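What follows is a set of structures for review.
Here chain A shows up in two complexes: once beside chain B, once beside chain C.
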Partner chain A sequence: MPILEGKELRIVGFLCNWCSYGGADTAGVGRFKQPTDLRVIKVPCSGRIDPLFIVKTLLAGADGVLVSGCHPRDCHYTEGNFYARRRLEMLKRFLPIMGIDAKRFEYTWVSASEGQRWQEVVTKFTEQIHELGAAPKIVGAEAEETLKLMEAAL
Partner chain B sequence: MQNLEDLKEQVRKALPELDVVIGWTGGYDPLHATPHFIRRDEDIDKLQVNALCVHNLATYLPSMRGKKVGIIVKGCDSRSVVELLQEKLIDREDVTIFGFGCTGVVDQTKIRRIVGDVGNIDSCEVSGSEVKVSASGTEHKLAMSDVLSEKCATCRYPNAVLSDHFAGAEITSTATFEDGYKDVVEFEEKPEEEKFGFWLKEMDRCIRCYACRNACPMCVCRDHCVAQSRDPHWLSQEAHVRDKWMFQVIHAYHLAGRCTECGECQRACPVDIPILLFKKKMNKEIKEVFDYEAGINPDATPPLMTFKAEEDKITERKW
Partner chain C sequence: MKIGVFVCHCGTNIEGTVDTAAVAAASREFPGVVFATDTMYACSEPGQDGIIEAIKEHKLDGVVVASCTPRMHEPTFRRTLERAGLNRYLFEMANIREHVSWIGKDREANTNKSADLVRMAAAKLLKNRPLFSKQFPVNKSVMVVGGGVAGIQAALDCANGGLKVVLVEKDTTIGGKMAKLDKTFPTVDCSSCVLGPLMVDVAQHPNINLHAYSEIEEVNGYVGNFEIKVKKKASYVDWDACTGCGLCVEKCPSRKATDFFNEKLATTKAINIPFPQAIPKKAKIDPDFCMKIQKDKCGVCAKVCPSEAIDFTQKDEFITENVGAVVAATGFDLFDWTVYGQYGGGKYPDVITSLQYERMLSASGPSEGHIKRPSDGKEPKNVVFIQCVGSRDKSVGRPYCSGFCCMYTAKQTILTKDHIPDSQSHVFYMDIRSPGKLYDEFTRRAMEEYGANYIRGRVSMIYPKGDNLVVRGADTLMGAQVEIDADLVVLAVGAEASVGATDLAKKLRISYDAYGFFMEGHPKLKPVETNTAGVYLAGACQGPKDIPASVAQGSAAASKVLGLFSQDMLASDPQVSVVDIKRCIGCGKCIQTCPFGAIKEIDFRGMKKADVIETICQGCGICTSTCPQGAVQLQHFTDNQILAEVNAICRF
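Coming up: the complex of A and B.
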């Protein structure tokens, strides 16, 4: 059994290829200590992130989602993060009506040189999620139930 | 409606220039109206405009692009027409809008809850303050305030916001923006677990018929809807509550800054899931952050299709 089982929560990070992914790399190269809960998905730009990716991630059972892109005015594609900012802000305000704590989702900006900042962002966000604890899971997956029934019938 | 004759006259005059005028007429029983496509003069006599005319006819417009279409609209429907114009999904010169002052429409679910069995309706009379329904030989007198659709009780746009012809007098509304979102505020105050549980329970009823999508005037992807797409594969074909819920969030998000709150999604839902709540929540936030309402100004750009380098009301988080 892995030593971290039960101690780690599942956090998904969507990072833009040009800034935040580089920033995370810088943090790694600099050997900054980081919590290990985060799983990173690299996307071309924060503007590529459909807010529904985040909803789907959360409904699929993630405990937290972190989005990070280039600072506004620094987008590799000039304006991707400006659109992203509007969409993500709307998502953050929308989540409470679903019964999902808005603190489970954050979006921020980290540039490729900001290794130190990346360490800070990951640490703080992970702490925030640990304070909230595990997210409520959607149970009773019918397909699984059906499979069990079928197995029993065989 | 008091000015039905005026409206009929306006339609009669405009009809020779148009391929079709969309209105309402009596449906399969006296309690229901149904969309009515007026192509000839004799169709005009069958036109019905009253509190039973719940359908938002703007839903038909994008598919009839290229034809000269007249459309009869309530205030809320006219906002959908404006939103379609904003998004350039229909052409202004091809659409003739017939407006009137709407006093509200009924909620069939509310009627069903009071009357009980609505399978055998003998007659239905609608006046300004009362709906008289005779079902299976029993007479029911329902106060309009008891069966009025929720959206109508707090309606701020009873008159068509954009029209070429307007029948009768305009109706004044005293409702404020806040009035319309009291239910959202109230729901939001509940604890997170309760809301999560509420949706799990509600969404579980969904039969994935997609009536909500088909009735929605702003759902214009039609055959390319992500709900049925395999690539990208947003939703599986499992009848799992996660997929049903996900679809409703997709719908709400695809309507962010576009939804005109005509309430067709919730009305069309055969299992009465309160899905309009998602869209209202989104609209409330859009109004707060961008001070924008969909379907008011034909020249405005929906807020998520544009940006400002320095946003007025989005503050960056410190870390």
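Coming up: the complex of A and C.
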């Protein structure tokens, strides 16, 4: 489905299965109202997230990417989120070099019990992306070709 | 692949804010989708039958169900697929309830978002491959952590079911909080008479191996094959030799040691046995108060011990236990009420906690069952009870109800009257919460037969007047301020997660809530399971619970363990990493990053390669995002599968 013009922007979330995906479920069970922009992709661990996923998501046309995992030291796999934290902090600093506004990407920690916190995180991040507006898109006749080239380069 | 999409109404849970028929219609346009429909309750029997029929009729080889969270019904629908002859991994779920219909009422946006989620699920499904479990053997023994009544019940039920049980208790004796209680509600029968025989059963059971004064140091392994390092703390007494005769305790000249069992109401000897019915009945030296250990003087205990069990040089000892499952039953601790300035913050000796009062009432307590004021040892006539101290109070970060305080306060008013017939109890309460068999009748009895004066309102301050205390509070039913002269004030202190609970949770890789209570697998359907396979919960570690509920959970956890061990082999989760040997360059980065040591180096025709040990791999995928070649791929969460989801919503 295309995004709802004027209402929504394209925001993709990568959530770890054990904490943040559960936190988003807890927010649902608690009926904590949230903006509708976010689309969630479940991964087993934030350590599974290759920083290139985020770059590719942003290049493919997303206006914002949110990553959320277990709180540091609470990782279901002991140390996955430590890897995530290093990689994602690195990525955040690297995004402007690629010409992408670093504010389009955030990473955070939400546990499975923190439904309220999830609501706050989603609401705040969605507002942040709406303030930035739609990301510049690669358009035109050769857009698909350009994207393929970029992907190959990554 | 021919994909079928089933969009669930979930009654009105989803249909109320999502046009499921429109989602189904939109789904028919997605790549690979050949069939799509909406359904009333996908998880019900007709719903599942409908899925099976559609699989057969339309020759589907992949299914997307758009309904609740996969944490709820993914296993249900995977079984449905298996019944229809499909591999259980040719299935994806779109979470359109918790992540869509329940978090907003905008029907247009919700319908649009739901269709997006189905599109992502279908795109991933196109890349899914059938996966097959392997069988692995289980170690049919269980470790129970915590020897309170819940842990005791779980240990006995497992042991009676024929399992080998390792019971680990951090104190020198099992029994937990229940062993400290004088009587129990609503029967007012003696707590140690109920618990004592169970404790003896634990000691004598051939299947139970008890490690008292021990703690969990490290947990490795996975369901069926845990390897747990246990720290046996130094007691300075050789417990194999100690007979529990108590001669050392009698002769020890150091009388100032903190008496934790009696809630610090009195002091005890530097070498002590917490109470006469202790299991195991073994002595332990408190090194902070032992003159031999502190100053190298005395050593009387070693001289009098008939079995030469005293060992002043003993060190902590580490042992390793191999078990197939773990039951966490670490119970609760009491809220530190001294944060309340209005109750004196700890400066009045005659303001005590409910558990201290319990020790006072107990015949085996420091005052041998006589109620005495800590300040002057006099018998109190006016006793004021204050409820909800550290419960239902946001200002101290404890907004939850501890559940059992209303009941034990009613019990304590009854016992007060029994001990001192001319006494008067006053209870400041917020609401009386007494759901449970014979519970409300019990609180009524406290008021009507035992004349406890219940005052609905909070206490604003306690101040001294002569030898006594004055309790000033509101009577909200009268709409007036009341002041009561009290000889003794008992605070119904709430429950909080036990000290060290979160550390244990991290070791066991289970979740805990904002207060440190362990998270159950599902609040309704999996009350004693956790999201970590092979780890179960019993008792108040999951949330405040009274004795019957703790016992019930202990038995429930035991039944889950026995169910797990009813099979000789367990099926491994095939969502593990696999190395593509052609792409692997043998750099070894995956070996370094794997938190479980599940990847080893192998020699392949003279070249270094990585290889995953399937039974150890937990499926986190850290190796996959580390591998510079994309050679290690986590099955079911490969790069291609995740990027297919990205592309499904960002580019189409």
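Methods note: the second predicted complex is superposed on the first by the 137 of 154 C-alpha atoms of A that agree within 3 Å, B and C clash if a C-alpha of one lies under 4 Å from a C-alpha of the other, contacts with A are read in each partner's own complex, and residues count from 1 in each chain.
Following the convention adopted for this analysis, contacts are C-beta pairs under 8 Å (C-beta built on N, C-alpha and C of every residue); 3 or more make two chains touch, one makes a residue touch a chain.
Since this is a predicted model, take the numbers as computed values, not measurements.
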Q) Looking at the overlay, does A:A60 come into contact with chain B only (first), chain C only (second), both, or neither? A) both
Q) Which chain makes contact with more of the residues of chain A, chain B or else chain C? A) C
Q) Is A:M90 in contact with chain B, with chain C, with both, or with neither (first, second, both, neither)? A) first
Q: Check whether A:W18 is in contact with chain B, with chain C, with both or with neither, and answer first, second, both or neither.
A: second
Q) Regarding the shared-chain residue A:I100, is it in contact with chain B (first), chain C (second), both, or neither? A) first
Q. Just chain B (first), just chain C (second), both, or neither: which does A:I138 touch?
A. first
Q: State whether A:K124 touches chain B only (first), chain C only (second), both chains, or neither.
A: first
Q. Which partner does A:P72 reach: the first (chain B), the second (chain C), both, or neither?
A. first
Q: Please identify the positions on chain A that touch both chain B and chain C, taking each partner from its own complex.
A: 56, 60, 73, 79, 83, 87
Q. Okay, in this complex, where on chain C does chain A touch?
A. 26, 69-71, 95, 97-100, 102-106, 108-110, 112-113, 115-117, 119-120, 506, 509, 511-514, 519, 531-532, 575, 593, 595-596, 618-622, 624-626, 634, 637, 639, 642-643, 645-647, 649-651
Q | Complex contact set, residues of chain A against chain C | A | 1, 3-4, 7-8, 10, 12, 18-19, 21-22, 24-25, 27-29, 31-36, 39-45, 47-50, 53, 56-57, 60-62, 73-74, 76-80, 83, 87, 111-114, 119, 147
(Q) For a test of understanding, state which residues of chain A touch chain B in their complex under the given definition. (A) 51-52, 55-56, 59-60, 72-73, 79, 82-83, 85-87, 89-91, 93-94, 96-101, 106, 108-109, 120-121, 124, 136, 138, 140-143
**Q.** Sites on chain B touched by chain A in the complex
**A.** 184, 187-188, 192-200, 234, 238-242, 245-246, 249-250, 252-253, 256-257, 277-278, 281-282, 285-286, 288-290, 303-304, 307-309, 311, 314, 316-317, 319
